[in-house]
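I've put the structures underneath this note.
What follows is a pair of complexes built around chain A, which joins chain B in one and chain C in the other.
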Partner chain A sequence: MNWKLFADLAEATGESEPEVDAADAATVGEALDALLDAHPALAARVLDDDGDLRGHINLLRNGRDIREGEGLATPVDEDDELALFPPVSGG
Partner chain B sequence: MTGLALDSTQLDRYSRHIILDEVGPAGQQALLEGSALVVGAGGLGSPVIQYLAAAGVGRLGVADDDEVERSNLQRQIVHADADVGRPKAESAAEYVRRLNPDVDVEPHETWLDAGNAEDLIGGYDIVVDASDNFGTRYLVNDVARLTDTPVAHGSIYKFEGQATTLRPDGPCYRCLFPEAPEPGEIPDCASTGVLGVLPGTVGCIQATEAVKLLLEAGEVLDGRLLFYDAMDMTFETVPYRRNPECPVCGDEAIDSIEGIDYDHGCSVTAD
Partner chain C sequence: MRTLSLVGPGTADLLDPLAARLDGRVATVRRDDGIPTGTETGEDAADTDYRLGDDGAWTAAGTDDSFDDVLDRLAPDYDYALVTGFSRLRLPTVVVGDEAVPGDEIRRAADASDLSLDDLVDAVETAEPHVTLEALVDEAKASEYADRSGAIATFTGRVRAKDDADDERTEVLEFEKYEGVAADRMARIERELEAREGVFDVRMHHRVGVVADGEDIVFVVVLAGHRTEAFRTVEDGINRLKDEVPIFKKETTEADEFWVHERSQ
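Let's look at the complex of A and B:
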């Protein structure tokens, strides 16, 4: 799958479209684990103390919020587009 | 509407609106009879104030408690070099008065807070969120919902922008982002820098949405979050839905903002 990171999340990995080897990931959660294993600084930014995705971080699969599917248990295919985005506040 | 309320100077000034079928004399009249509150007279607020004033929005509120600094002028185009040190609300109001005598501009030299937000926001047809911090953004969302006021939201970060429109019957900002990051978690423009023209693009999108809301025309950005990336020059929209568990617009929504700490996370504590 292809990841896309927005705003300050891209700075935690150094790139907005990080390459992650997660060909065997069956769910969004497994794909996220692979991304965060490769980029621990991003994990600190998007996970809370319990290891859950923080409330202000959104995860999209092919442009759809995973909360509209099965959350982190939502199935993924290798050619899916996954995106993580936070709110921004500048004006 | 026959448009007879428009005088000859107005027929001339707004002629390019009036000949549009989608606006026409009735639409222009609606703009002249409409009102908008712009929260923030900074990078986003500058083009919003300029275009809403040019469009003839009859009553235009500008809320900002800041003063113009020289480092603002790279992007806050409603202010000029001679305005450094002046209150932004007053500097922006003077720009509006020079541009269009049809507009009754109301500068509010005040920080929008839980004590004044309902009176301020509730006094206008629509609100444009051009603020620069999460606390104000969540406050605008919550109070706008409680007062049935539509919001044209925009926000920026370095080279990226987000825009969405919140209608009283649609999803709200908390459906997308239930709580704010803690203060300092996402750096602000002063520490990260921002491409000067970025808020121009995003603010113009907000102004477009504001005009459409007042005209009740077109498809507004409700239930959609628009991402703009100035470096890649890409626009993407992502749909989002009303969250039934949203504390502000869900099935068990709050009826006041009492108890919400807008300085720390903006959490709505259920009890």
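Let's look at the complex of A and C:
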């Protein structure tokens, strides 16, 4: 699992490509749990009080929004690229 | 146009050998502080003097160009600009010695002999290109459908110093992008807009790194049959880019620094 973080999420974590040991994660949700365990400062920014992904936070697997797939239940492979980022603000 | 700036002792001698290694049209720009004011054109004559031959050979001299002007003017016509003695914001820069530079420092060496041409070729080929509105317009005009196009609409987004007269000045914006995915999404938007009836060519470019107050950030160019679809498409293009492309903006004002998405929710 290769994580990429952007903007304030990278700042909160202290790095934009954190190494996370999540080789046995079967879903995006399990990979996210491993990321947040390793970097607890990130949790409040990306999860709401119920532990769900905040509506404005984007999570992409290999460039595709997981909300277009099976959400946090989307299956992952070890060499997938997962990206977590806040609302886009280009222009 | 891809660019590389080399700064420091001995780097001017690297320009020609590096140019010889690149495929495409290459411009070189050298610092020369020995040009007296009013050279060629004379103090009271024209500000710029071009001499142009029948075969396209030319020389020019003038009195009032800045380095930024020169770089922007070269961008539509050259594949590469190799520079020594100048750096600027976002310009990929190789430094010999310990001089501090405003550009993106991509290599630093103690001596010019420590730099390899292979490495410099790789640096210029992989660095973020210098793209201008004029360069995008020229590319759009080269479309195979240019004969059927009667309209080009363009949008330029730039750094606004103040929204209201009383606001603190915005000094710079710094943009970060999700490489690869940003390019894919921009390409998808371009493709989908080009599928519209009467729209022939759509090109977008968004700069990354530090962009100062008053500088351009983003360009959208639409080549279309008529003005109505050109205007609609250029508006939809910039709106979709702002909604869909993973680019993030940090703003620095006179008193503060913040991620823009954290202020606009």
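Here, the second predicted complex is superposed on the first by the 87 of 91 C-alpha atoms of A that agree within 3 Å, B and C clash if a C-alpha of one lies under 4 Å from a C-alpha of the other, contacts with A are read in each partner's own complex, and residues count from 1 in each chain.
In this section, a contact is a pair of C-beta atoms (placed from the backbone, for glycine too) under 8 Å apart; a residue touches a chain by one contact, two chains touch by 3 or more.
No experiment lies behind these values; they were computed from the predicted model shown.
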item	value
Touched partner set for A:Gly91, first chain B, second chain C, both or neither	both
Which superposed partner A:Glu68 touches (first chain B, second chain C, both, neither)	first
Touching partner for A:Asn58 - first (chain B), second (chain C), both, neither	both
On chain A, positions contacted by chain B and by chain C	6-8, 56, 58, 60, 63, 83, 85-91
Residues of chain A touching chain C in the complex	4, 6-8, 56, 58, 60, 63, 83, 85-91
Chain B-facing residues of chain A, complex	6-8, 54-56, 58, 60, 63-65, 67-68, 83, 85-91
Residues of chain B that touch chain A when the two form their complex	40, 42-45, 130-134, 137, 154-158, 160-162, 176-181, 186-189, 194, 199, 227, 236, 238-241, 243
Touching residues on chain C, where the partner in the complex is chain A	157, 175-178, 180-181, 184, 206, 217-218, 238, 241-250, 259-262, 264-265
